[in-house]
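Per-chain residue numbering starts at 1, and chain names A, B, C and D are given in the order in which the chains are listed.
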């Protein structure tokens, strides 16, 4: 995120635009809680996890009244354009704001470790989170060699299995539990049993947490009924939200930050900038949260071949 | 571990000793399951997590009969001395073996990520596992800044709170839940409430898993009854057993590996080599598991001062 | 690389193909130096840096005689198809081999940390190497804050500035020295002086080593003539060739490995599989080394905006 | 360093002391350049590399006049005690200050990545820097397997070989070039040749930079005259000064920070707090820079055995 904020600021300064930062998302927008975003503010932040502008939930913004107060605040601050870095919730909010009020131009930048936003192949934050998952699987692998054991590694992913899928391919996992697919514990147990029968010493199951963080402990109990194996559970949770961002996230964030500023200058509004098939793409904000981003078919197939 | 195995081999070769490796611990000892340990076998292993000799549980070795078969196997292989890298269970087994049979000289080297072995200040594996915990807390900290939230980070530590204590100091945690101390959820909740009242945005609780991996989810529910705060849980579990070993673990493993070989050559038996207050120390194997290693008082006090 | 080898093996086994590994590249091909590549061989290798098949230079293969011996060896081994993971040199060799002899089908997979192969947007190994450069810049940044200093960080990149460019964007560097562009030490010094005059405390110059590893020490001396500043030099060199591969490299390697097997089964030969603009692409082997892959224009522009 | 600053602040607050931070070392002391050090200032800094108080060289402080101005500044600020985190230069300065003026109580805390300060077994910063060196050697090892090659890895260490020694043990290096010992390129080349003759594929030479950063390129040229081998050079330089501190550095910094505050309260002055053989130790400031800290004999011997 910080790489993106930095890019927005530098791109704005390069065009002699005035720019300020809104703290804590829509909460700060309503309250007019701002920080100056000059060269100094963005010095030495590109490598920091999290975001220097902080985040929050804003229940107020879910109400029409809250959004009208936000629009008033935008007018008071004299903003011509607003760049919103966030995910489905952020863009849904922006769509509603645009419907409720004739306000500043709105341009979105996709940031989501779940990589679940329609209109971009990758979201800022995904690569960092996925590498965190891979590092976890690597560490498990070191001990997995020695024991006949089953490991459950629970990653984030509320409605999307991207993290689990790419993490599972890169980590060399055996099984995948993702929101897009029904899980049969019986079949999974049978496949694991089969793997052990041809010489595997351990099996790694990558689980997207879905709506129930900690669900892997439950899954482990279920599998135990079918397979007489020791299970170990790792729950990564918010680990994946932190840590120094990877190259890909920083480069993507930098590119989309510059693009967002130029989109505003080009007169665009109500859209999200993204990268689709290697090209910059502009998607109407409504589509970003109304359309469901499908799993990558090729990668799903690769996982099946590699985990066999 | 591998740094230690490598050191044992190199030290043995330097003294023109014959050396072989026993695979999978006592299971392999009983079965005579060995691998040659020459220069080639230990090349490029110092940076690998886990152990090239693998580990296992050996129910057989818990029986007198199993130990007599192990003693017979030792005689069959013609071993004069045995170097055992492990923890309480390993050394208890070695004590029983020595009691049951007149067998080879036995020298132990302390390997335990829990750092719970009496007779050495640090065990091989602890520093790596503790740095893994610190890395996890750092990542959590990146997001902790933005939200009013409580984070539970569950580390290993069945009977010992060392990992949680040092990890908590180094990670800057607010609360500690360790086997050595009773926890009052009420008091913990009050302290956390107090922290928030003086401006903290988040609190990090480091929890030693004790005998119930996953216990943090339960703790989070309990605290929720006292504090109206969102909680997030991370369970590191076996993550801490893997990954490339740290400098300290490799240097300690190398030093103790060389020392173990020299101990055998000096005619020592029935003892564990360790490092106490910066000096090499030899502790009777019985004491290593019969005596309880206390938490470091100074560090416990430092935690209290720093977390205040 | 190992992720790709693993994918090739798994994809081949899934189609009931026989497969063997050639050790040490063309040297091993001429010598018939092979290893079995079954399930066991590729277990627990996906996270290892380097390649389990090893590499070498093969002066013999540069001669027609050498290539004819290679063709004879291919026939002796009864190979129908050959999958070659490598860079320009590898593919040039393959082109020559195909010209010299009617031999097995040849399919290339692009592996190059310099990312300098025409016919694919990214090569296997680039993301890992570039993240290594970013990590280095991050570490420098930690101390850069405190001193008025100039840092030169020398990365790989013989004829291509990709590593320096993406590493420089992601690391937030001030200056870029790459093979594609002439460097004026005078102008660079002036820009750096300008940065210090508006409050910067340090400047980071990312240098592609080009044909002269260690050139940064020379550059530092040159700049010193214009600017009275302390300089510090870091030369990453082969650091960037090792370390656990990143998610992107493993996923790309897995995808291209599967694709290469399927390309052979589809009757393709004399081509390299790659990914261009998010789509699988097949490029004649000749083009991969005859055509020069240009720097990404967008990213070059982003660097200029961000480093200003 | 930041862990230590945080510990000083927390320990001071726990005793109801007033505390301020001096920015940029002696430069800031003379200028009275201070920052408030309250709970907020030290929140979320424990994991940052570098130091929040920044550092600088102070030529002024090398003069008697400069030190008298520092003493006047101390009196003006009303300081009763001063905690100095630094190395030989810092403590030599402090000794001179105490000789020149009747000033506040002075207590030192050893911070040096070279680990070259007499009066403590380990200095804050060493473990982080040494782990950085080990990580570098690990990465080199990944490629070293495949080629017959010589690698030079240059680490810091102006007058002390600690970093090279412990890094070399932990990295499994073959040769050591340190300031404490004369190097014979001829003998080194012979030993390397011997290693290759018994099957080694590569050799890693760890070089302390001494007074000539970049010296490894020169060494590589010298060895080339004796051995017909490709050499590759990595110069870590200031890489080792950055990055998130390790557990050991943070725990040591925390412990010594608390101890420094308590030393002042106990009426101590003119001493450095350290840890010797696992016990807190207080060493007169003069001794810390007048006495030479010897290399650890045991570890030197271990290196010889392991690298053989």
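One rule holds in what follows: a residue touches a chain if its C-beta (ideal position, glycine included) is under 8 Å from a C-beta of that chain, and two chains touch if they have at least 3 such contacts.
Treat the numbers as computed from the prediction; the structure is a model and nothing was measured.
For the pair chain B and chain C, chains touching both partners: A, D. The greatest centre-to-centre gap from chain C, using C-alpha centroids, is found for B.
Repeated interface, listed pairs A-B, A-C or B-D, reference C-D: A-B, with more than half of the contact pairs matching by residue number. Put simply, the C-alpha centre of chain A and that of chain B have 35 angstrom between them. Centre-to-centre separation of chain B and chain D, using mean CA positions: 28 Å.
Those residues of chain A in touch with two or more other chains are numbered 135, 138, 141, 145. Chain-to-chain contact here is organised cyclically: the chains close a single ring, every chain touching exactly two others. Here the touching chains pair up as A-B, A-C, B-D, C-D. Chain contact summary for the complex, chain A toward chain C: residues 3, 6-7, 10-11, 13-14, 39-40, 43-44, 46-47, 121, 127, 130-131, 133-135, 137-138, 141, 144-145, 166-167, 169-172, 198-200, 244, 246-248, 250-251, 254-255, 258, 276-280, 298-299, 301-302, 305-306, 308. Put simply, chain B touches chain A in their complex at residues 24, 48-51, 54-56, 132, 135-136, 138-143, 145-147, 151, 213-214, 217, 232-243.
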